[in-house]
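The first chain written gets the first letter, and so on, giving A, B, C and D; residue counts start at 1 in each chain.
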Amino acid sequence: MAYIPLSPADIEEMLRRIGVEKIDDLFGCLPEEIRWEGPLELPPPLTEPELVRYFEGLSAKNTYQQYASFLGAGAYQHFIPAVVDYLSSRGEFLTPYTPYQPEVSQGTLQIIFEYQTLICQLTGLDIANASLYEGATAAAEAVLMAERIKPRPRILVARSLHPQYRQVINTYIRNLQLELEEVAFDAESGRIDLDDLKKKISEDVAAFVFQSPNFFGAVEEPAEAVSLVHAKGGLAVAVIAEAVSLGLLPPPGSYGADIACGEGQSFGLPLSFGGPYLGFMACREEFLRQLPGRIAGQTKDAEGRTGYVLTLSTREQHIRREKATSNICTNQAWCALRAAIFLETLGPQGLREMAYQNLQKANYGLERLTSIPGVRRRFVGPIFNEFVVRLEKPVAEIGNKLIKSGLIAGYPLEKDYPELKDCLLVCITETHSKEIIDRLVQAVEEVFS
Amino acid sequence: MSRREPLVFEISGPGKKAFSLPPLDVPENRELLGSIQPREEIPGFPEISEPEVVRHFTRLSQTNFCVDTSFYPLGSCTMKYNPKVNEKVASLPGFLLSHPQAPVDLVQGNLELIKKLEELLCVVTGMSHFTLLPAAGAHGELTGMMIIRAALTRRGNPRKIVLIPDSAHGTNPSSAHICGYQVREIKSNEAGTIDLKDLERMMTEEVAALMVTNPNTLGIFEKDIHRVAEIVHDRGGLLYMDGANMNALIGKFRPGDHGVDVLHLNLHKTFATPHGGGGPGAGPVGVTSELEPFLPIPVIKREAGKLVLDENRPLSIGRVRSFYGNFLVVVKALAYILTLGAEGLKEVAEIAVLNANYIRKSLEGVYHLKYTSPSLHECVFSDKRQREKGVQNIDIAKRLIDYGLHPPTMSFPLIVHGALMIEPTETESKAELDAFIDAMLRIAREAEENPELLKKAPHRAYVRRLDETAAARNPVLRWKG
Amino acid sequence: MAYIPLSPADIEEMLRRIGVEKIDDLFGCLPEEIRWEGPLELPPPLTEPELVRYFEGLSAKNTYQQYASFLGAGAYQHFIPAVVDYLSSRGEFLTPYTPYQPEVSQGTLQIIFEYQTLICQLTGLDIANASLYEGATAAAEAVLMAERIKPRPRILVARSLHPQYRQVINTYIRNLQLELEEVAFDAESGRIDLDDLKKKISEDVAAFVFQSPNFFGAVEEPAEAVSLVHAKGGLAVAVIAEAVSLGLLPPPGSYGADIACGEGQSFGLPLSFGGPYLGFMACREEFLRQLPGRIAGQTKDAEGRTGYVLTLSTREQHIRREKATSNICTNQAWCALRAAIFLETLGPQGLREMAYQNLQKANYGLERLTSIPGVRRRFVGPIFNEFVVRLEKPVAEIGNKLIKSGLIAGYPLEKDYPELKDCLLVCITETHSKEIIDRLVQAVEEVFS
Amino acid sequence: MSRREPLVFEISGPGKKAFSLPPLDVPENRELLGSIQPREEIPGFPEISEPEVVRHFTRLSQTNFCVDTSFYPLGSCTMKYNPKVNEKVASLPGFLLSHPQAPVDLVQGNLELIKKLEELLCVVTGMSHFTLLPAAGAHGELTGMMIIRAALTRRGNPRKIVLIPDSAHGTNPSSAHICGYQVREIKSNEAGTIDLKDLERMMTEEVAALMVTNPNTLGIFEKDIHRVAEIVHDRGGLLYMDGANMNALIGKFRPGDHGVDVLHLNLHKTFATPHGGGGPGAGPVGVTSELEPFLPIPVIKREAGKLVLDENRPLSIGRVRSFYGNFLVVVKALAYILTLGAEGLKEVAEIAVLNANYIRKSLEGVYHLKYTSPSLHECVFSDKRQREKGVQNIDIAKRLIDYGLHPPTMSFPLIVHGALMIEPTETESKAELDAFIDAMLRIAREAEENPELLKKAPHRAYVRRLDETAAARNPVLRWKG
């Protein structure tokens, strides 16, 4: 077998050294009664050419990539510079594990350190961890973290937080005697409904979790909401589902967020049907001991030279076991590596320009689309690269017609927001040319005429 | 004199750049953000050119030991060879470019692929259903324990306690805790396995589940697994198996046939997906048919000839992450199983166990072996003998680096003081094993003759020994310029 | 600009150190009259996303890859294991140059040494060089080499040698007072016409160059021809255009070839519209000093450890200038690397199996095709993975019809062999499934019915 | 103690394998080869598994210095950064999978691409036509000299002699020789350029051509190029320019405008295609319109709206290689030009010259500079001062390795004894240049204080200094087991 580097002669010699006759003797510790004797009912093994053909077949069964798509809703199509693939595919990055042995893992560790710094710079917060699974679990971890810092029984989440994130938070906390409550969005702007927040915030709220740009693409101005939360001694958790927005919009640190977390997929990770993605988390320095996940830190070696290690592991499961700040062990290090390569390649100008083009193009698309009779803007106020339109014909019907023209117009909101059942969430990024936006506009026009 | 790669922030220079976008092709509107002030700069964010990006990361990469370059016997981590064709098939455009919110009709290939791996994992483990959603082993544990809690709640009482052997990996108690349970430790017996008497005593009506790792983290098979299951079930509990060590058993033992109610696997261990410097992995969870209703959403099911996502599952524990799991990891694991087939998978277990026993036999007598029960895929020595000379497991580990070898695991099992947990996996050649054995034997001699050499090791790495205590005492967790 | 790592401040500082005011001052040595002042009339620069789109467009303009193709004729479609791409794309292999400094090039050098050994093992000859440009120039170099060893005025080449190779040999020798003559192929077998060879061989022939399997796919049994050449004191040069055949057919050394050379494309190089490919050359030890191109050799370092260096460079242009054995400098090292990875991955079993499947499948196709009325086998005797069929309808017409069914049936011989104007050269390798062969057969059947 | 990677033949073990094909799917026939005995084995051919293949080559790769990891100022080789997106576009399936014998209708994309680069190279150089067939610079020289010979033959007399400056690269005389010419050397003058008087004297009616490199291998511009062309042309000869050093001139000087009849470029130098450890490259040849009929076949031309291959060219020198050149190299070079555009290319020359002069200025006075004419893209120092202490250029070079730097070129120009030919290229940062300068200055001090240190260098490489003399004396050119 191609992956086993022992010749029959090697095996013989090894068995002799061990002092048994055959390999099966080494499994003597498995009582016969419970040993699986038959062959597993698996398909016959595939050789490499067959394997490639099989997966090419599956890949071709997906037809999504043949469409011009305006889907966002938590996963964003951005350009990925060639160096990201080139560098991240190196065996030295793909095939080591967690850098438990720092002396032979300086590459991984220095990159985590750089990544942490980049996340701090982007979020405007003091410290960051090495990665979490993805955006939704990062939000759930933030809630657990907030509750450790402020042991209070209630958690508020904005209804404009990504629906799947809300569900995951709910899954995580439902066994922990915590209560989850939604804060409504303002019917006109789609932003946090401050009145509702005022009503619900109290001294038994550990944290208020909100997203900006929110699930509707609306850019929040969260300073006031954050003040309300702080006034009651709770923590403000800002979720960023579209990380490219950090290149242009005010960072969570600037409006007082205590914890910022979210999804880093936009930083150099292909859509990949939803994973692997990159959960990130940053917070104020004082919460360091409650931060979940790995953290790299700087230190010196025996000759006084700078080096990097995993640190503060007394927070972690392998030391603290049930008292750890999280159960996370394997994280998304390779995705963080890709993010670091992506961000260092784009630099501040490139990231800003990317964010700026998202802003411009999405607004261009919004304006064009809403100039069509039958298509109306659902919320007022600034958006980043997503927006909600209300359609005067059934969303499903429109969607089906557009699919026939090779277009996926957006994400229908009905499933998650029955109150927005006539609404579509449209995403436009720098990867959409004017031509393709115009094509969408024209196709929608046709459907409505 | 060897040059050290600076931090990117130290290479940065204003005006350098590595990337440009095409010019904006829509009419520009400068008033889009209303009262929001766009950020003017990102203080400290690095500006470098593309050649510098490439050198920076290439140079850094070369300072890593990895499976592609080095024997990497990190116990409990199954650092086996990661087949390159699996990377290739996982980069096919139909997979890479597909959006998780795409209409299901347009991503039938993806759904078929996930479904296929779910089914094959059932065959391999004897479990009745699988979810591939969890992002890693620990996430699988959490998911699995939530399922147990949901099932027991449905039976009327979630109960309070989870039993976990003292040899278990740290994620076990941590996951149980996040799931709202108190953890009680079961002591291992002299054979290094669960003490049945102790279990009988502790397995009360308060206990929701026992989390057992099999083979356990000593590399020893819990041969009484059947009886263990009986005890747990008799008292109304459920049996969770941490399958991180399935590499020892694949094709030899199917947990689902022997009373295991919930099992997680680590695709990034047994199924050869690369570890990526710490992740991503995937921690699929298998359950009995009784527990199927509690699986997290979405569940993929066949309906009118096509695959759809079922989210309407009232008993489900809910959603445990966004979208459909670490999909590309799933692709690679499926490729692995399809390549190996039944015979190949069995051979994996056989050679993994052969290699571990070869090492054990070759080092026994020189290094102390606290538990002498038969080893499966790994063996756990300790530094007990060397400690007489003041040499600890960490010194041995660091000295191995000088020999070009990655050290074993040392942080657990906690029941072996000064542990050296060695898992060679099946993808190491005899020459690699011999080089490791040879180095370990030399180091044992060096410990006798020149303990200082070990305590100061490594001598030939990119850096000398790093001060972890100082790092924790004065945390410097980001560059500040 | 993305590829220039100097900031404006860096440039200022450097100019100051140099002592000039502006960069232009450094070009003072170019007389003004001859300096190009205007901008070059090039298209405006493309950003990375635009560049990728542009080349995707060009790539998509090629439609060849949508066809099931039975083209060979000097370039062969074989399966390439994933490790070949994975490993050869490493920067450490792609971005160094010729290993002039052996101490920092041991990887490249050891691999060349392994490659040379593999070529020797495959050809059954004593020594091999590090690579030449491709098959045709390798054949031309072999002729020049033979002439240096045997300075005689005539060169014989088999007419069944690849037509382009014959043309290149002709181009190379026409300025050198050498005369090129063709040796006919046997009209029945397509092999070397021994009678013609006997007629033409003489003591003023430096070398006889032949190919096996020859351009018609026929496997030669060259021992007798070689004896004839040797009897007159000339050298026998065996050309291998389809290197995979070496996995199964008798090696050139076994039938007395003095020099073996040819095209290594089959060893892990994609078709790539004809290049970069891999010229290889091996010969008997006694001709070492006349071998063209780089050679790696084993030696010791100052501590007595084994290492590798480029050696015998007194044969080469940088030392010997006009007296060198060849003008070659840059060669095809990276292609040789790929061949080494390919061969070490396949091993003797894999290579033999690949060759064996080529043999079996091509013969299956031959038999099936020639069972169609109107399609006849042109030559008798064993073939490897190519064969010639004679068609009873015009070749071009058949070809056009098949193209409409998505098939490229083969290479029409008329252009190169007017005497075979009704003939088609068909190639079948391990990459052709039975299904696709049957599809060809069926399509041809339809055309003839 | 650092482990050394064995030869693959030493890892081999009977029965190991890394690859299988699908089972044969056609009826097997065991009698296909007639009287031919298929070979039973390939003696010594290695048998290893896939993990061993990957480790073997990955480990070996790490022992190389390369542009991706190291400053690589190998003079005359233009070791610039190789953009990664160019690798990506060159791997598009339409390029990789297309067969060179494909009907032209099905490969119009390829032909358009080749044609495009031909046209852009004309713009860049001022030549009137280009062929992209030659596989490397030397192959381009040969092709170019054949064109000259064919043209002169057509004029009535191919002539006998080719003049080449003594500073030229070795391929120049070698290529002229293979083309059937005798070579005469022109001595350089004190400025390091062609002595016009000498040229006037030697440029007889016997002389077919002068091969000039500009800037020459000293990095000095042949500023009298115009006058040189006049002299050559007046006597009925043709002017060949070796454009290997065009990196200094691009956007600043177009050879075609100034009397150059034939020019070759090195795509693997000026146009940033990777050197691949020695190749492949590409050596396109540009000619004046007068010489166009002599270009090698095939020539791509437009006919009835599509591109076709013209092979019916009676005056052509014929075919110089199979198929259409090193096509994928052509793809990468085109990508480079399209990315840079006119401004970018000019900037390349400017920064290349800036970097070289920065180094020159920083080392002048410490290392001897035989020719003090202004430098363009490279500067050629010598070991003259250090030789007083017995230190030669090779010792300096090997010591640079200890500093993590690739040595400069030493094998030529032959007119500088003990040459150190330094070409930094435009893709090096100031920090890299400073590190090199710093190392060179230190080495100069070391040469004074501790010459033995240099003579024994390198001290910190994968191997110590290798014995090249022994290698040539007792050639071991293959493994024999």
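The working rule: contacts are C-beta pairs under 8 Å (C-beta built on N, C-alpha and C of every residue); 3 or more make two chains touch, one makes a residue touch a chain.
Small disclaimer: the values here were computed from a predicted structure and weren't measured.
Looking at C-D alongside A-D, one finds more C-beta pairs in contact between the chains of C-D.
Subunit A and subunit B have Cα centroids separated by 20 Å. Subunit A and subunit D, compared by their mean Cα positions, are separated by 46 Å. Residue positions of subunit C with contacts to 2 or more other chains are 2-6, 10, 46, 48-49, 52, 79, 81-83, 86, 89-91.
Within subunit B, contacts with two or more other chains are made by residues 13, 16-21, 47-52, 54, 58, 62, 68-69, 81, 83-85, 87-88, 427-429.
Chain contacts here are complete: no pair of chains fails to touch.
Listing the residues of subunit D that touch subunit A in their complex gives 13-22, 47-52, 54, 58, 83-85, 87-88. If you check the complex, the residues on subunit A that touch subunit C are 48-49, 52, 79, 81-82, 86, 89-91, 431.
Per the touch definition, subunit B reaches subunit D in the complex via residues 1-3, 11, 13, 49-52, 54-55, 58-59, 62, 68-69, 81, 83-84, 402-404, 427-429, 431, 435, 460.
The part of subunit C that touches subunit B in the complex is made up of residues 2-10, 46-50, 81-83, 85-86, 91.
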